[in-house]
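Presented sequentially are two complexes of chain A, the first with chain B as partner and the second with chain C.
Right after this comes the complex of A and B.
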C-alpha cells in the first residue's frame, strides 16, 4: 500500500539494531521470569531461598528486569523495525544514534543489576526514598532513561526528515503511532529524571543530607502512569494496524486510530495522583481532578475495543459468516500471530475493569497496596502487553533474521499462549481474591503472628505459586521459540504484516500531525493538573528525610 | 472525520456512564466526606519523639464511644501495639513515621493509608463488629517488612 517495494523488508543493518534490543529484552525475560517464579514459591510458605538470597532482592530483580528492561528494550527494537519498514531505512547517522542509545541502556542495566546482585539496592523498582540504594544503582537507571531518549531521538529525527521530504502527506499509521509513543515516553520520563538527578543522586552521594519524600513520589508517579501506557501502546499498534493484515482484513479506520493515540498522549500523563490517593500532604480536590482525567483515558481504550471487533466482524462477514457471532469462527484460530495477541486483547477486558476500580478515588482504599494490584498489572502488562509482544516476535524475529516460523513452532507458540492463560488465571485470579481479603503486595511470606485473617490468605498464595510455576513453563516455551527463530529456524522470507485501510476510506486529516498543537495541549493539561498542587507540596514541605538502608 | 453510527452510540453511552460515575464519586468524596485520607499537617521527621502529640503515643478516650490513637510507625513496629476498644467505638488515628514510608492497613476494613516521614496521616474508622483485627504495614520498608504487624481488638 505504501509508495514502493523497497519498504516491504526492513534493511538488514536496521534489522541488526532491532535484534540487539531484542536479545537484551529476552535475556531480561529469562532472568526476570526466574525471579518471579522464586517469589511465588517463597510466598507460598513452602520454600526458603538458599545462600541468604533475600525475597526483596529477588523482587527488585523481577520488577527492574521485567517492568523496565524487557519492556523498554522490546519497545525500542519494535519501533526501530516499524519505522524502518513503514517510513524507510534509517540514515547511517540515525542508525548510529540508535546504537548509542542501545549501549547506554545496556551499560545502565548492567550497572543497576550489579548493585542489586551485590545487595546494595534492595529498594524495588519504584525505589521510594528515604530507602537509599547505592548511587551506582541510580546512575545505571539514569543511563537506561537517557539511552531511551537517544534512541527515541533517532526515531523522531527519521520521521521529521520524512515529513520535510513529503510535505502535505500523512505519514504511515504505524510510524505515527510509534512517534506518539516516543513523545509520550520522553515527556513522562522528565519526571523520574528530575527526581533522580536533582533529588536522589545528590542525596545518595552524600552531597546533601536530606530529601523531600512527597516531591520525589509525586515526580515518580508523574512518570509511573504514562510508563504503563508506554508499554500498552505498542500492543495497540499491533492490534490496530498489524492484526487486521494477519487475519486478511482491513484497518477499520485510520483516522480514528490516530485520534485514539492522540487522546492517549493527552490523558496518560496528568493523572499520577491516582497512585497517591491515600497519601497525606496532597490536596483532596486535586486528587479528584486527576481521577477525572484518569477516567478520560478510558475513552481511547473503548474506541480501540470497538475498532478491533469491528475489524474482526467485517472480516468474518466478508467470508460469508452468518448470524450474530458467526464471524467469530472465521478468524484464523491456527495462526499464532493472531491467536496469541488475541488472548492478550481478551485479557484486557477484565484488566481494564480492574484498573477502573483501582483509580476510583475512595474505592482505591479497599485495594491500595494489596496483592489485588499485583494481580491487576499481571493482567495488563504481563498478559495483554507481553502476549502481544510474543505474538509480534513470532513474525518480526524471523523477518529480521531471514528465517521462517515452522509449523511446529507455530503450534508451540499457540500452546505457549494457552499455558500462559492457564498459569495467569491461577496466579492473577488468586492475587485478586487474596487482595480483596486484605493480603498485602510486595511482602515476603508471613503468618502475621498467627492472625486468623492471614491464615485465609495462604491457600491463595499456594495457588499463586502453582500459577507462577505454570507461567515459568510458558517463559521456557517462549525462549525456545525465540532461540529457534533467532538462530536455528530454516532460512526464508517472512512477511512483515502492515495493515491496509478499507477501500474508499477517507485520508487522515493532517491536523493529527500538527505536533505544536498536540504537544502544546499535552503540556497545558500537565500544567493544569500539577502546577497548583505541586507548588502547594513544595511550599508546605516538612524538613527532609535522611537515607536508610534497612535490608 | 466520519464516525460509524454504532461507534457514536458506543462512545456516547460509555462517556455518559463515566460522567455519571464521576459525579457520584465526587458527591461521595466531598459531600459525604468519604474521600481518601489527605491530611496536610507536617512534622520534622528527625524530631518525632520530641514533638507533641507523638512524644506520648497511645490511646485516649475523647468522648462517649470515641477514642484517639496517636501512633508512630517505625521499622518494624506500630506504637502503641495491640489496641483494645469496645464495640461501637469510633477511633481517630493520628500517625507519622519515624524513618521510611510505611503503610497502615487494617484487614477487612476500609482503613488503608500511607504513613510518610514528615507528614501526619489522619484517618477514622467506626468498629461495630467485635473481633481481632490484623493491622499490617503494606508499603515495603526493609528486610523485616513482612513481620510489621499488630492487632486491634474490638470487644
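Right after this comes the complex of A and C.
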C-alpha cells in the first residue's frame, strides 16, 4: 500500500498500452455479443440464419470472442493499469514487452477469427478433438497464449524489480493479486499449449493421422478450469481492494485477501477432472480426489463473501446504520462504479451454488452436457465477471483517457446493469430450468423427430431468446458508454480508486510473497493430482481418432 | 516493558469488541443456507432419476 498513495495517476504511456487492450476487448464484445443474440434467436426455433450462416459457426464466434478474447484482453489491460498505478510506471523495456504481447495476441486473434469467419473452424471455443479446424486457427490461438505470456512476463519483471528495490516490504495488495493471477495463467496455459503444439497442430497439418482424444481433453481441462478463475480473480481484485474505496470504506483485511488469492492459486489448477466426470478412461478414484480439491476452492470463495459483507457492514455502521441489515441502505446506490459490480457479486451467489452442484460427481450426471452448464457460466463469467469489468471500465477508461464519467453516463451505466440483470434472469434462469429437463447444450434448434421431451424445452428456448435480446440491448448500452468515455466525454481528472486497510490493521506477513513456497506447493498438488492418472490414460489409450469436419 | 505490552493487548481487545458484524454473521448464514438448499434440491432430483 505504501506506494499507492504517492502514485495517483497511471503514466500516459502505460495508459495507451492499457487502452490498446481495451479497444480489442470491446470490439470483441460487440461482435461476440451479436453472435450470442443470433444463437438465442436460432434456438427459439423462430429464426433461420440467412446466407447459409451456420449455427455452430456463430457459436464458435461467440465463445472465442467473449470467452477467450474479451476476457484475456480486458484482464491484461486492467492488470497493466493496476501495476502501473500501485507499483510504479513501467520501464521502457517492460512497456515495449507489453506492446509485443499485445501485437502477438492481436495478430493471433485476427488469424483465428478469419478462419472462423471463413467457416474453416466451427469447432466451438473448447475446440475439442476430433473436431478439426484449419491449422491457422490453432496457430492463431497459440499466438494469443504466447502473447499473454510475454505481457505477463512484463508484469512479473516489473514486480520482481520492485521487490529487489524494496527488500522486506510487502507489495501493494492489487499488484500482489495481479501477479498471482498471472502466475496461475502461465501455469494453466502450459496444458493447452502442450495439447495444441504436440497433438492438435501436427494432426491438423496432416503430419500425423490420429489424435488421442482423452489426452487432449485432459490437457484442455487442466487449463480450462483455472481459466475461469483467471477471469474471476480480476473481479475479486475489484471487490476486495477497489470497491471499499469507491463506497468510502476500508479493506476489511489485507491479509485475508492475500490468503484467499493464494488458496485460489493452489486449488484452481489440480481440479480439471471435475469437467470430465462422465468421461470413460479416467480412474474414478482420481476423479474423486480432484473433486475433493475442487471443493477446497469453496473456502476462499466463502472467505471472499465474508470479507465483502464485513466491508459493507463496517462502512454502513460507521455511517450510523442500526439494526441487523440497516447498513445495506447506507451503500452508495447512485454510483455505477459500485452498483454494477455489486450486481456481479450478488449473481455469484447462485453461480457458486450451481458450481458446487456441477462439481458433485453424482449430480453432475443430472446436468452434464445440458444447457444448465451454459446457464451456470453465464452467471459466473457473463454476469459476475463481466458486470464487474463494466463497472471497472466506468472509472478506468476515463482515468486513462483523461475524461470524466458524466451524471448522464453514470445513470445510463446503472440502467445498463439493471437491463443486464433482467436479461440474464430470463436467459440464465431458462437455461438452468431447461437443463434440468435434459435440454442439451452446444446444439442448434431441433424438435428431435417430434419427441415429447424436446417439446418441453421449447418455451424455455423462447425465454432464452427474450433474455438474449434484452442482453444485446445491454451490450449496446455498454458500447455507447465505452465510446463516450474513450472519445467524447468531457476532459477532466477521474480517480483511480485504490482501497486502504483499516486503521491499526496488522501488516500482511511476508510469507505471502514467498513464491518458491507457493509455486512449489502448487506444482506439488498438480503433480499429485495428475501424474498417476495421466500415465494411466496414456498407457491404456484406445486407438487414436482421425479428424472430423461436420460443417 | 511489561506495562507497555499490557496496554497494547488491552487496546486490541477493545477494538474487537467495538466492531459490530452481526449483519455479516447473518448474511453468511443465509448464504450457506442457500447453498445447502440448492444442493439438496438437485440431489433429490438425482435420487429420483437414477
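Odds and ends about this structure:
Assume the second predicted complex is superposed on the first by the 545 of 551 C-alpha atoms of A that agree within 3 Å, B and C clash if a C-alpha of one lies under 4 Å from a C-alpha of the other, contacts with A are read in each partner's own complex, and residues count from 1 in each chain.
Assume a contact is a pair of C-beta atoms (placed from the backbone, for glycine too) under 8 Å apart; a residue touches a chain by one contact, two chains touch by 3 or more.
Since this is a predicted model, take the numbers as computed values, not measurements.
In the superposed pair of complexes, A:279 makes contact with chain B only, with no contact to chain C. By the touch criterion defined above, A:214 lies against chain B but remains apart from chain C after alignment on the C-alpha atoms of chain A. In the superposition on chain A, no contact is made by A:99 with either chain B or chain C. Once the two complexes are laid over each other on the shared chain, residue contacts for A:183 go to neither chain B nor chain C.
In the superposed pair of complexes, A:365 makes contact with chain B and with chain C alike.
Of the two partner chains, chain C is the only one touched by A:324; chain B is not.
Partner contacting the larger number of chain A residues, of chain B and chain C: B. When the two complexes are overlaid on their common chain A, residue A:452 makes contact with chain B while staying clear of chain C. In the overlay built on the shared chain, the residue A:515 is in contact with neither chain B nor chain C. Applying the stated contact rule after C-alpha superposition, one finds that A:350 touches chain C and leaves chain B untouched.
Comparing which residues of chain A touch chain B with which touch chain C, the overlap comprises 302, 306, 310, 360, 362, 365-366. By the touch rule above, chain B contacts chain A in their complex via residues 1-4, 6-7, 10-11, 14-15, 18, 21-22, 25-26, 28-30, 34-46, 75, 99-101, 103, 105, 107-108, 110-122, 132-134, 136-147, 149, 151.
Those residues of chain C whose C-beta lies close enough to touch chain A in the complex are 15, 19-24, 26-28, 31-32, 34-35, 38-39, 42-43, 45-46, 49-50. Chain A meets chain C in the complex at residues 302, 305-306, 309-310, 313-314, 316-317, 324-328, 349-350, 352-354, 356-357, 360, 362-363, 365-367, 436, 504.
By the touch criterion stated above, chain A contacts chain B in their complex at residues 54-56, 122, 124, 128, 130-131, 212-214, 253, 255-256, 259, 276-284, 287-288, 291-292, 295, 298-299, 302-303, 306, 310, 360-362, 364-366, 368-370, 437-438, 440-446, 448-449, 451-454, 506, 509, 540-546, 548, 550-551.
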